[in-house]
């Protein structure tokens, strides 16, 4: 959907890069297109033909930003692309990525997914030495660090930079004839390597490999620096191992169901959530349904495990666009039905079970449930396929633009009343972990249990560079 | 979906109108938005404040054509809106509707859904008397006929006009202070009347009433002329009754599942198709699935009747836009996966049953089935929830831009081979009729059985005014 | 200048047409571009390749409306183009010309310059017979009349039409393989015929011939119908001669100085106005100047005849655009200087004589003169190179959007005071006539003397079809 | 004119700034609009309300870039604006000015007019210390230098920066609550200070003061640093005096005739050039004329001194826009007449003298002269109101995009033949200097005599940072 639902979490970014392919820009376009769900605010592609570096960035969606004519100007066999959703609230073109600078007359670009927890601190240091900045992004800080030690060579420079920065980061750096993929030592965010003809591709998710016909090779390892250049591929791995902390929310929410993330298929993971939900919370209802598309796969899992009929009881309007006009005050209830219209004939007098993947602020759910009751549903129950979200994320997810995590301040019973449900339950955290193939101590579950794997900046709270 | 799938049938139009509401234009905007699936080529709204008539029309989708500023200029309490998909192949702004003319210094506008079978004949007559035309649309012919007898009053004039025109037509005519709804005597296309506050609304489908919060009152009756003006509502019904011929394809395909059409809920009709399909053709497979969204509801019906697990085995990219760039020749297989990506981990080594709502040319199905086999599906079966389409439609549906109805020239076995399936079957026409609440002799089934309720123009074949 | 100066007269239109040239549309584009000064509101080109007729029209200036891509779609060797400034106040795309209709499946287009005085009357007649209209333009009335008698052939039909319409009209009608030029029997507005390679061109002014490299042949004669088709060129001249009435304002104001109009060069005519002004009104001043570009040529004539130094004492900003932002209330005096800035060092303490080509409302002149006095000009005198405008025009010139002809209600002395001048005089009408090569009884001088050559519609006053 | 004439010199920039006015952005808009002739490639405005800094920049002309809505978002009482024509050939938005960076969380912006001759050298030094760049502009180098020493305070930092940079520069730097105007010690480019209500304005030329109603106070002195903040105005002047080098081409060509530059009125200077030209080169011709608008004022001066009649013998099309379509190959001579059409009736059989302000490549002149001869001018003579341009400029003027100064390689006689003239002469350099009020040793005449006041970068030739 194009419009922004304030009641859904927002991701930082998607990255896609190509090394050694004659249609690098076009492949990157398709790759970004497959990753569009990871960022709808701006997109950009930087391309190098070994001599010249060209770029195109703009606010908006990938298919609106690029056309044949623009792609044709982006000549070269190395490309780096990025889609972005701001984690800091400032939606400006200057913050669109890849971020590109000139160093010694050469172009260095970066595409970044994640959030550094000590960026502010480093920035202060750099400024005290006379550095000036264009943006408020972490990525610019990273490039300043790289430039400071560049005389020792790009490789050493990146090792030193990784020694300074802390937090969640999967990033790709493009110099004129080199592509470097870097993943933080905890492995918060995904980043995959693939093969396409005689070239290489890098992507935040494997679904982009499917689209361009690339073959998945492996994940970039936590802490790894992968350098691809004319000499081939070279990997630098950290001496010290850090505890892993794969973001569970990538599996629950961000990744497309047709992607594999942390070596696990997302569709099957989500169905398993539903199966475990059926095991933990059997319900006596006439039918069950998701709101498209948030709980689709858990709903399938629950239906297959329980035998309760699955219905698609609310119909989505496929033409919802970004610029949709707001109903007038006197039409204020339209909002509910613009995107989703419940099928009255199906739901009237029925006991309905809704399967949801998450509740952040609870306001959208409340409106939708009211809509179901207005058309005559007898009972409305809800099951959420993960535990309550009680803690903010410092590693790149913006759970709520207003900091209003309903579960941070309300009990489940209070949430049930707020939304207007007959019953409400959340999957137990143990069952959530059971649904994954990842060991519990290699997951970041901080949004559920408050245990942050990497301590945050002294400035505390939500990290924000905005003046 | 924004892009045009050449392998799906195309509808002529959707109509929405409002009488006596201070926000007539905005309501109409929302109404058209809910009817967008009936026409994506152009849209327009004409509004009257009793004195002045204003309009805005453009090529494209409703949310792209109108914005707050434009809607604010469309002042008045009577409005007529229209979304159009051309049945004649000419996509020009001049053909966008509502079509508006000046007669005796007054504005008369028309929104039309359907296809006249004797428009060419009437046009020739009019031209021989010196009439000049702006467009090639049926609607202009209708307004010329109305103007010819206007001196006897609008009411008589419309009765006379209906005596001349033949074919499928649901239309709304707006004079400066009057709204007139007309439906052809056979009732081919739907048209409903609703109530909103102290005003009236007219819509092609009831889902638009849900969105604007209107209450459905009744269908405009076949042959009825409904006049709404300051004096209230007045109905003129034909003396003679014609045989009814409700278009079955409205139920099978065009209408939104949350609409009621011909007094029947579309969602429930489609599930019933699936249930009867399960009864007629039981299959021994591991899972069943639709391609979103063409066979969704029949698939639910089949799954519930058979107990076979339903899966959403192909993932749709929600960001597919109209201007999507074509993959290069070397990337030609991308096309399959740009919109829909199958979940490899789910489908590999499985026996898969696809439920489809129709096969027109068969080319899209062929590409998709190939995609399933490439990722390792063991067997792929297909069931279609209606009989084979063997005959063209003369009443407003453009089954194929190239006239290539695969079932018109190929046997079911040949189609199965063409698409590359393990098995293929179609719902029997008797079962299709059983799924409806409409008696068989009140349905138009011409696309399946070739029995056309209204004989077509002497010029034969597809009606077309294009030079 | 792009922006609209309310204090300048507005012309109806410019016409340009091409017969038999492979680049007809592109030539027409250039022709309209040269005629842009005759209409800045909308422009359009209709082209025929003998089979198909294509068109492009839009609001705005010629170079903004057309680009290479659009011109390439306008294939054909016959073209008709039009630039328009509305005389009726309604600025809608539907009123852009050429106006095109379908008659008997064929395209007939018209480009019209002038104003009919009995259009309303004819329109009423047509409506009483059931005719419907798209626009409020005279041109549509003309095409209805043509269609009514079309069965007798295009030629007869046009003769009959000319028998019905009265007023000022130069027009070109384009059927699929024919171009017909028509000029009213009084010859109010210009229309010229030229030769280009093996084809013909028609233009409102000869300056367009210069631009496209065409050779001027002759003016279309008053009352002439010139038909150009495959058979060659054929001329139908009226039996009866009407008194000629060439619009003096074409020479004074509308035509470009590099055009010849009514067989007279405009530049030389205007210099002659200045020379006669010097003869009639010698002035003892330090310098003389025009406001660019309204009195340029008369100023040259005056300077050469008198020996008084000519200066370009106000500097024009060449970048004034249509969308110029208005100064705030507190900056209200900006308006004067945005377009024209006087050169303080040149004008301070000087006795200045301004040469103007006309004063309509007097408000712009007043503001400008105030500007001159503010920077220290000692005396400011003005001479106008024609008599005072006392009467409205019924033949296509909109002297003022508010009907405020200052000379209609004020004496010259009152105007002098209103504008704030030391002295003010107007060229005597006899001198104005002396400056032309046209006999006095072949000129329309109605705006100066109120003698209208063609009586106007019974409805009286300013002709207006707007509801 | 909007389109770019390759045969005219190009200026770097215009600057306009406002301190302490509630409508700072709107005033700056008007100021830039008056300075549009100094740069048509891009424009930008940065505004500070003391707390937040906002900006808007884009490619194109001022009235196209800004509208009411955008200006309303630019809130604040301090503003800095800039119009730019690239001297380096790269026309990218990233190079649009003002250039803005963040330093220690605060915004610092710069608007720059001129060209540094040692920017490349400084850039290399900065890069060796790890600095990264966004652009190839001098302005970014300046801001890096400022940031390096910022800890010592903005004032000291700017003094140190001016100690490092060499060349031509007039610039304005805007910190959040301070405006700093700086002019290089030689005074190459103009920069003026004015007063408006209780605020201050800075402008490249005085014509912008006229438009906004500001009062001219004085020029920023060569080498001066003027700091305007809450404490008032403070001036830092260099201890050492450098030889002055005012660019003569500002008077000859760049500045608007209604501006005063280097304390001299431009209009009067140019008329004086014409008067001296008449003295130096009397000609026996029938008339003299400029090509609008390049030699207008010198032509006036010549005409008044000689008594030869001045004519405006070529008519300009006021609607020439940026996107003008090129004539086809077969119409290749159109180019001459699209902008300027000679008046045949005036010039035929005449001996014509053209007054020009400069000849750079000579190609445009050649085409125009051919046009005059084609319409029958008997003799065409030309006088140029300055000496031949023989040397490139290193201080910000791009005389020719291809480095083709015709006078660098051809004698006057060869140029005469190339252009196709009966005679050609250039004003003597002594007469040029006589036309000014500036002593000869305070002028930069390098483009005529090759004596460069500031030695250029070791890299030699045209300064260029482009990779």
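Points to keep in mind about this one:
Letters A, B, C and D mark the chains as written, and numbering starts fresh at 1 in each.
In the analysis below, a residue touches a chain if its C-beta (ideal position, glycine included) is under 8 Å from a C-beta of that chain, and two chains touch if they have at least 3 such contacts.
Everything numeric here is computed off the predicted structure, so don't read it as measured data.
Minimum number of contact steps separating chain A from chain C: 2. The most distant chain from chain A is C, comparing centres defined as mean Cα coordinates.
Put simply, the C-alpha centre of chain A and that of chain D have 49 angstrom between them. Between the Cα centres of chain B and chain D there is a gap of 62 Å.
Annotation: 37 Å between the Cα-based centres of chain C and chain D.
Looking at chain B, no residue sits in touch with two or more other chains. Across the complex, chain B meets chain A through its residues 1-2, 23, 26-27, 29-30, 33-34, 36-37, 40, 61-64, 66-68, 71, 207, 210-213, 256-258, 260, 265, 267-268, 293, 296-297, 300, 303-304, 309-312, 315, 317-321, 323-328, 330-331, 333-334, 337-338, 341-346.
Chain A contributes residues 52, 101-106, 108, 124, 127-128, 130-136, 143-144, 147-151, 467 to its touches with chain D in the complex.
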